[in-house]
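Letters are used for the chains, namely A, B, C and D, taken in the order the chains are written, and counting of residues starts over at 1 for each.
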Amino acid sequence: MATSTSSERDTRELLVELLRVFYGKGWVSGTGGGISGPADDGGLLLAPTGVHKERIQPDEFFTVDPADGSIRTRPADPALRPSECNSIFCLAVRERAATSVVHSHALSAVLAGDLAAAASSDHVAIRDLEMLKGIRGVGNRDTHLLPVIRNTPRESELVEQLTGVLADPRFASSFAVIVADHGAYIWGADVWEAKRHTEVYHFLFEAVVARRDRADRRRDQP
Amino acid sequence: MATSTSSERDTRELLVELLRVFYGKGWVSGTGGGISGPADDGGLLLAPTGVHKERIQPDEFFTVDPADGSIRTRPADPALRPSECNSIFCLAVRERAATSVVHSHALSAVLAGDLAAAASSDHVAIRDLEMLKGIRGVGNRDTHLLPVIRNTPRESELVEQLTGVLADPRFASSFAVIVADHGAYIWGADVWEAKRHTEVYHFLFEAVVARRDRADRRRDQP
Amino acid sequence: MATSTSSERDTRELLVELLRVFYGKGWVSGTGGGISGPADDGGLLLAPTGVHKERIQPDEFFTVDPADGSIRTRPADPALRPSECNSIFCLAVRERAATSVVHSHALSAVLAGDLAAAASSDHVAIRDLEMLKGIRGVGNRDTHLLPVIRNTPRESELVEQLTGVLADPRFASSFAVIVADHGAYIWGADVWEAKRHTEVYHFLFEAVVARRDRADRRRDQP
Amino acid sequence: MATSTSSERDTRELLVELLRVFYGKGWVSGTGGGISGPADDGGLLLAPTGVHKERIQPDEFFTVDPADGSIRTRPADPALRPSECNSIFCLAVRERAATSVVHSHALSAVLAGDLAAAASSDHVAIRDLEMLKGIRGVGNRDTHLLPVIRNTPRESELVEQLTGVLADPRFASSFAVIVADHGAYIWGADVWEAKRHTEVYHFLFEAVVARRDRADRRRDQP
């Protein structure tokens, strides 16, 4: 088991493999969703947009400068364009010392975001789940606040909201943000932590939705 | 990552692979469901009927003339007959400039169609989902109307209804039609777009059903 | 695509492969569930009992005489014993001209059986589903009656009930029986038809359960 | 089909394979969950903690003394630490003559544990399911009591509770314990029995949750 990636070549192959795994789980589909990871030069490997993510090849990533999102290198295929999530990815990288960010289009993320909307809240509170320990720095006795931001047609407005969330002390322990009606961004210090956080948060999305459904069902009862 | 198919041989192999993927997701099963794609001569590659779709081989497709559905070439096995969806596929190809049509037997398509029946409506309205952007020409602020037609024992009656739907301006942006109690037809300009639309629409089917269930559950509450 | 099996060797390999597919779908698990198919000598290939079905090898089947269930040949491993479903399998083979029977331990079969129990009925009525056409001789306008028998600690009592069901004209078109709290037996004229029927009936199990849940949820509403 | 493992090398490979299977089913994820099995020297093979379990290699297990959990051998990678479940695993091995213990992080285990909490009970009663026969010594007419213990931040408190459960005659026939909000520990006399029990108990978790949901839904009805 490789727990660390020793080179950009390994990172590219791991990102490609994870996209296949996430496609199998329904977290990326319909060309939606994506992943980024560290390039050897300090840049960010970024998947192209509008492509079937489970079919990306290791040499098809862009590298961008996380300081401003500018493109450093591009894949050979001139038809490929960098992911629209570029600014979001770079923001998480800069503000949270992440080197890898996953963009999920999972239905469970959307349904978890619906819980916040139903409660007119800007977050989902997660508690009483051992799986919380899978998030760095979080314990299973903690109530973990997961921020939910509005979906917008323009990426710039997402960046603005995410900037606010990342500065909000209530969300200091979060490695993810739900975008309502859309999905989630989940990050980690390296690709392996981003993978772990991605699996953990999807478990948490499913758990809070299932428990909420159950609570609603039981509340109906006389 | 091949984003375009360069020859009919590639298309045949891609169609075969997608049938395996769709079988794994439960969108084709029990010999139900299917796929078609472009032949090099302008015809339509059509899977045979009554066979286990995830096991079709590249040389087992028919080619038909999309103008009238007449058979141009047949696979070597004389026992194979062309898909019963032939006229439907050809209709979508002619009326919407599609070259690839997927026929889904997914339960989520049936359950989404039930929502229209429950509301005595001829469509399902889909909104507030980023995944809508995965449909060509549709934005995430749009309300997307997905037509639902009645299931009929005779294919000719399906064709008649679909003809009406394709001429209906309310459904001009739709690349799919749900057949109640049955499944869905989903198309695209090429096989890759048909794949993307297939994944997007199945996400949308699942999302509207889950949200409707949740709304029904909460409406029970005092 | 092989639509017919040309020899017992092929049949054994197909049975082994289908057990892996069914394990992946959760229809056989925990050593429960199984499959049988035709041997070249007119006997029935029968999986051993108490083993992890997705790991069976082609040379590990028994062959039994469907007339009385007596063992004709056994696998080399003396620890293996024939499936406890032997008499049930042989009964379906004799009474319905089946040569292949699948025994499912799917949760969806159990939940579909619960619907009959809740209605104090001995069957589940299935209608308004195109997938019904996947059952030989059944149309999508038919109401298909799927028998449900009680689970019993003794196989002989299952045989007795199944004998009654197979003689019941209401169930003449059924290629399956649900055993309440247990699962289902599903058969076909050959292995391919048994596979098709298995996929179709599991779709039907899931569909009737999902529609019943939805109806219950909506009935709550004022 | 290998029904017994003939050497520690085989056991290590089987454990590695099962972790991949369980990851695919969502029973281990996010580095949570694990498995142990018998070493040739009478010790217990133990997966490392904090790693992505589906990627463990056969040479990455620790061996520990089940008498006191002390480490006998360690994998070459000095960064690896033994699973935090060590004491729990050793306890089950000592008290129940198990040689293999699975630690599941499945959502279905958490939701089944919620049923006990909702009923202020220390167990879940499981009945009317043929799959109960997949648990050694249990019949399909039995009511099987599955103990549920509280989750705690400290492993020592889990050990204390589990000690009580294993001494409780009500739970004498159980090969599993649910840890509320966390998952389950499931064991067997050998790895194959632990695998069978793991599949059986997850079926039972899903079944009791689905039946409870259905009962809650119907209770709402006038």
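In the analysis below, a contact is a pair of C-beta atoms (placed from the backbone, for glycine too) under 8 Å apart; a residue touches a chain by one contact, two chains touch by 3 or more.
Here the structure is a predicted model, which means the values were calculated and not measured.
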Original post:
Between subunit A and subunit D, which partner chains are common?
Top reply: none
Original post:
If you average the Cα atoms of subunit B and of subunit C to get two centres, how far apart are those centres in Å?
Top reply: 30
**OP:** Could you please state the distance in Å, as a whole number, between where the Cα atoms of subunit A are centred and where those of subunit C are centred?
**Re:** 42
Original post:
Among the residues of subunit A, which ones contact at least 2 other chains?
Top reply: 217, 220
Original post:
Looking at which chains touch, is this a line, ring, star, complete or other?
Top reply: ring
Original post:
Where on subunit C does subunit B make contact in their complex?
Top reply: 1-3, 128-131, 133-134, 139-141, 192, 195-197, 199-200, 203, 206-207, 210-211, 214, 217-218, 220-221
Original post:
In their shared complex, at which residues does subunit A touch subunit B?
Top reply: 29-32, 51-52, 55-57, 60, 77, 79, 105, 107, 110-111, 114, 118, 151, 153, 179, 181-183, 213, 216-217, 219-220
